[in-house]
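Naming follows writing order (A, B, C and D), and every chain is counted from residue 1.
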Amino acid sequence: MYICEEDIQKELDKRKPNNSRYSTNRSEEDRVVILSGVFEGKTTGTPISLMVKNKDHISKDYDNIKDVYRPSHADFTYDIKYGFRDYRGGGRASGRETIGRVCAGAIAKKILKSLGIEILAYTSSVGNIKLKNVDLSYIDKNPLKIPCEEATKQSIMLLDSLIKENNSIGGTAYCEITGLKPGIGEPVFEKLDAMLSKAIMSIGATKGVEFGLGFLSSQKNATDYNDNFYMENDEILKTTNNSGGILGGISDGSKITMNIAFKPTPSISVPQDTINNNLENTNITIKGRHDPFIVPRAIPIIECMVAITLLDYILINMTKKIDCVKYAYFNF
Amino acid sequence: MYICEEDIQKELDKRKPNNSRYSTNRSEEDRVVILSGVFEGKTTGTPISLMVKNKDHISKDYDNIKDVYRPSHADFTYDIKYGFRDYRGGGRASGRETIGRVCAGAIAKKILKSLGIEILAYTSSVGNIKLKNVDLSYIDKNPLKIPCEEATKQSIMLLDSLIKENNSIGGTAYCEITGLKPGIGEPVFEKLDAMLSKAIMSIGATKGVEFGLGFLSSQKNATDYNDNFYMENDEILKTTNNSGGILGGISDGSKITMNIAFKPTPSISVPQDTINNNLENTNITIKGRHDPFIVPRAIPIIECMVAITLLDYILINMTKKIDCVKYAYFNF
Amino acid sequence: MYICEEDIQKELDKRKPNNSRYSTNRSEEDRVVILSGVFEGKTTGTPISLMVKNKDHISKDYDNIKDVYRPSHADFTYDIKYGFRDYRGGGRASGRETIGRVCAGAIAKKILKSLGIEILAYTSSVGNIKLKNVDLSYIDKNPLKIPCEEATKQSIMLLDSLIKENNSIGGTAYCEITGLKPGIGEPVFEKLDAMLSKAIMSIGATKGVEFGLGFLSSQKNATDYNDNFYMENDEILKTTNNSGGILGGISDGSKITMNIAFKPTPSISVPQDTINNNLENTNITIKGRHDPFIVPRAIPIIECMVAITLLDYILINMTKKIDCVKYAYFNF
Amino acid sequence: MYICEEDIQKELDKRKPNNSRYSTNRSEEDRVVILSGVFEGKTTGTPISLMVKNKDHISKDYDNIKDVYRPSHADFTYDIKYGFRDYRGGGRASGRETIGRVCAGAIAKKILKSLGIEILAYTSSVGNIKLKNVDLSYIDKNPLKIPCEEATKQSIMLLDSLIKENNSIGGTAYCEITGLKPGIGEPVFEKLDAMLSKAIMSIGATKGVEFGLGFLSSQKNATDYNDNFYMENDEILKTTNNSGGILGGISDGSKITMNIAFKPTPSISVPQDTINNNLENTNITIKGRHDPFIVPRAIPIIECMVAITLLDYILINMTKKIDCVKYAYFNF
């Protein structure tokens, strides 16, 4: 297939801090270079290796956190696991690691698009502020990736006050997959929703994931919850989509819908009690400016992790029928 | 290690319908037999193969669902994926497949127990009925596995009325891991919470999973949410456990806590609109008696899936330090 | 696809001792039963679980080898690895474990046959006795699976004398794959010949594997060795097939050819010096009758291991081109 | 563990053409740079990413092979598999890909050395020229890595005449593992010799691999072949090592010994008949100077592939006994 750096760069650019007050002001240029796997614009089958150089990273920025475990960060758990830690920027617990997810996701998204499949994520709440309506065209018109002008205005006021307090807040994201055929996913341990959950929950700061009605399902009767199938103009449809597009771990042809919970950014510039790596009580005030709200920066990561997972399943699904195996063997 | 059929049978017995009104009355004997891997009571390193014969299964029970797709079941998605389906009992989408999970989980739990690690799950809500208090000793005193007498009584009244209406209801489960050392889990894609999410979400009827404060985290400020470390009597402690015992995908030594959402059992004995495998509109009334509330039967499955996942991570963790590799090579 | 017990049984029957003087006289009935994965004669996508009961196994047969390590057997290595061993019949080091290989191989062979691919193996030498000519029709006319009447007669005389001496002898097998398209295999670490080597060398008693000219290649100049391509009647052909049908780990459309070396059966009924599990010097005379020549019994195992490996690669190959991915997604 | 670029560079340097007449004269500098995974000289647990830039590669060198399939090269098989090929330098079928194997192997070798395990490979024949004696100190004193002065002299004369004819020749390598404890390896499909075979056969130009007596085993009686155990000074010893140090797929504490066959370098500067990618008959004379004998350059690759495989098995072996799992959990 055809792939170029620009295909990947445009996804990486979505991930960058958007020069607003509401995200870190590190100047992350994040230019991707293709090192292998593409020749004359086409993939050769060789693994595609990509490089994004870290230009902004200056070691001294991190000196005050060298020996102290920041609360609700992974400093302590990495140190106790490995007995040793690269304290500069959080290592693999840093948001920097998501660059790789976005690069892979950009390629997956391009293939999915050619199959008619789209993935869309947006910020669905900031603290207690919920969406009043959903206007998808508004997502890219505001730095918070909220599809609602009113909720955005309220959120901006809230974040302005949190910035003054050096505090941060959690929120939720919504993600949907449209255009996916029924029949994609695997039974038992590798259910599509199980693997999407793994993919989503591997993103830093996530604390929960749900499909369709999600936790609200627990309050429903079957007579209200069950999605009824019906035929209309030779199309298989459902009266409702409470299940969120997956039945028994396999896509049913409806939209796949997810909600994801994010905790507040743990890095805040107020003094916090904690311990150091000599196991002594101490406190820390984390320097620098940090995102008061992490969800907008997680939006492209969610889309990319979903894309990667989905593409894997579409490839796995190729072997589901012996007729497809035969056709592929004789024709490709 | 020593393992016998009784070690596994006692977990399987927890999975059986408990002869109450609130679960299916199929007489599932479910006796496990060890076929390989154990000699003179000890494991030999050979894969342990176990057999549980399905005695109750009678094909004619399923004749009325042969051609019709039950709403919110996996009949349709299996059929469209594979082009063919064993309609007797739901195949791999049936709750019968959880027997394997419990057998493996029983062995995992035995090993974890020898490491001082315990896993406990219980029903934490039935529809809108929440726990009033938590009395762990009450879990096994009621058929619903609820740790609260008052909530149990309310739930029984609710379920009695649902049975009359041939309806069912959703609920939630809570699960906690106690006694786990800090440092267990892996970075980036294989975070402990990511893999536990996958394990939990692979159980039928689950619609969401969250850790620690979970979705509530999204409404918190960092100053309220962050868990502060402190030392007391040479022990590393945290003032709170909002993160649910995992930081950066690695256990922090606190309890690991999860909530899980379950949809209502989709099998209900009222007429429902749907389609058949000729893609025609039709309706179905599912015969037989079904669980009006699935959570109690999922409780042992949750514990077992958590146990299997956790043990895998403990094995993976053995290679984290080169000193451990050396010690193991020279001494074992 | 359609699969029945007979499809598997006919391969299992090839594996049985052939009631000749030249193989063990254990009465191994080895009836296979399909336990899952097949419904109304067709596979459902569910893992196919098969059971072959071990009827002949009587524990007392093995009492004399309980504490003593038989020379050139795996008794010692299993015991030192696991600290414990099921001494009855060799456990996983026993030839009994090849039943599973044959069951899986039978299914793989059936699929490969539908793709026009055939796998053939035969005994190509017994000690120093080589083939004089190759008459494939003779393979099943003699208990040694040798495609040459003269070599068979010589071998039978040799084996008769070895039986009298309670001795055994090594030999070689030849295996070829015909009808395979070019383009099957993977680059670098997973080359087709690399994985076939692994598959073959995982069979007990194998000591070497080679492709095409094999070790003889090491004595050749490039001008003699290189296989030249040419076109004839729109077909891509090679003047020679010294490479044995694989170039750069990928099939080139010619026959894939392999030679495999087998050591003599280590179980012999003469006294041998060895040690026991108290690490004391001792000796052992292995009771019972054993195969004086193992290769004929390995022939079906070779075919099956090659079939399993090849089918895996044909499935993997389905994703080699994005056009095939698209076709499969939209049409199956 | 401590690791620095020099640890890796010294293995890479062994892989370079040795400025003799007997290897290609491309000036491959091959400097390795550690990009991630090491901090303050120690590994952090993060994947170690390494970069070796390809400085010598000039595209025009390869223009004459753009459309023509070189005999006994992978040009044809890559093209037919992927429908497209990076013709510059052979892509993943090029010897350049072995850099990654050596980098990983260097780290594996360092760890194995700390466990007392050494891996040694050398050239054991050049065409028909065999070793007269084995003098390990001579390996690094000659460009052919032959441990025998006489065989080296004969080989040099042979290679000189082959260079004049623009021809090349095959050969064999020998590899041994010393200092490995018994008990390393896995049963059935993942036998240590099976996986070593895969590792070795994944190296370009290999055509066969054998263990211990290898193909010669096929000519032996059990009474001559079987290795007898005996105790001496509390040590477990064997009278012979015909099995090559592996029994039932698991190391027995003796030297592990392998022989490997290599075909002649297929790139020769004489005209050869072949076809092009329009499937027309044509011929090719491959320009430039090429190794008349590839084995010396394969020697470090063999050592590295064996090291990687062995280290994997040592890590896998850590979980063989529950007591080791417990010790590791509580102490590391």
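We take it that contacts are C-beta pairs under 8 Å (C-beta built on N, C-alpha and C of every residue); 3 or more make two chains touch, one makes a residue touch a chain.
These numbers come from a predicted model, not from an experiment.
Comparing chain pairs A-B and B-C by the number of C-beta pairs in contact, the larger count belongs to A-B. Ranking every chain by how far its Cα centroid lies from the centroid of chain C, the top place goes to A.
Centroids built from CA atoms put chain C at 42 Å from chain B. Chain centres here are Cα averages; for chain B and chain D they lie 47 Å apart. A straight line joining the Cα centres of chain A and chain B is 26 Å long. Shared interface positions of chain D, defined as residues touching 2 or more other chains, are 45-46, 78, 81-82, 91-92, 187, 317, 320-321. Remark: chain D residues 1, 43, 45-46, 111, 114-115, 181, 187, 314-315, 317-332 touch chain B in the complex.
Of all the residues in chain A, the ones that touch chain D in their complex are 39, 42, 44-46, 78, 81-82, 84-86, 88, 91-92.
By the touch criterion given at the top, residues 69, 71-74, 76-78, 80-83, 91-93, 97, 125, 127-128, 162, 165, 167-172, 182-185, 187-191, 193-195, 197-202, 204, 206-223, 225-231, 234, 236, 239, 242-244, 246-253, 259, 261-268, 270, 272-275, 279-281, 317, 320-321 of chain A touch chain B in their complex.
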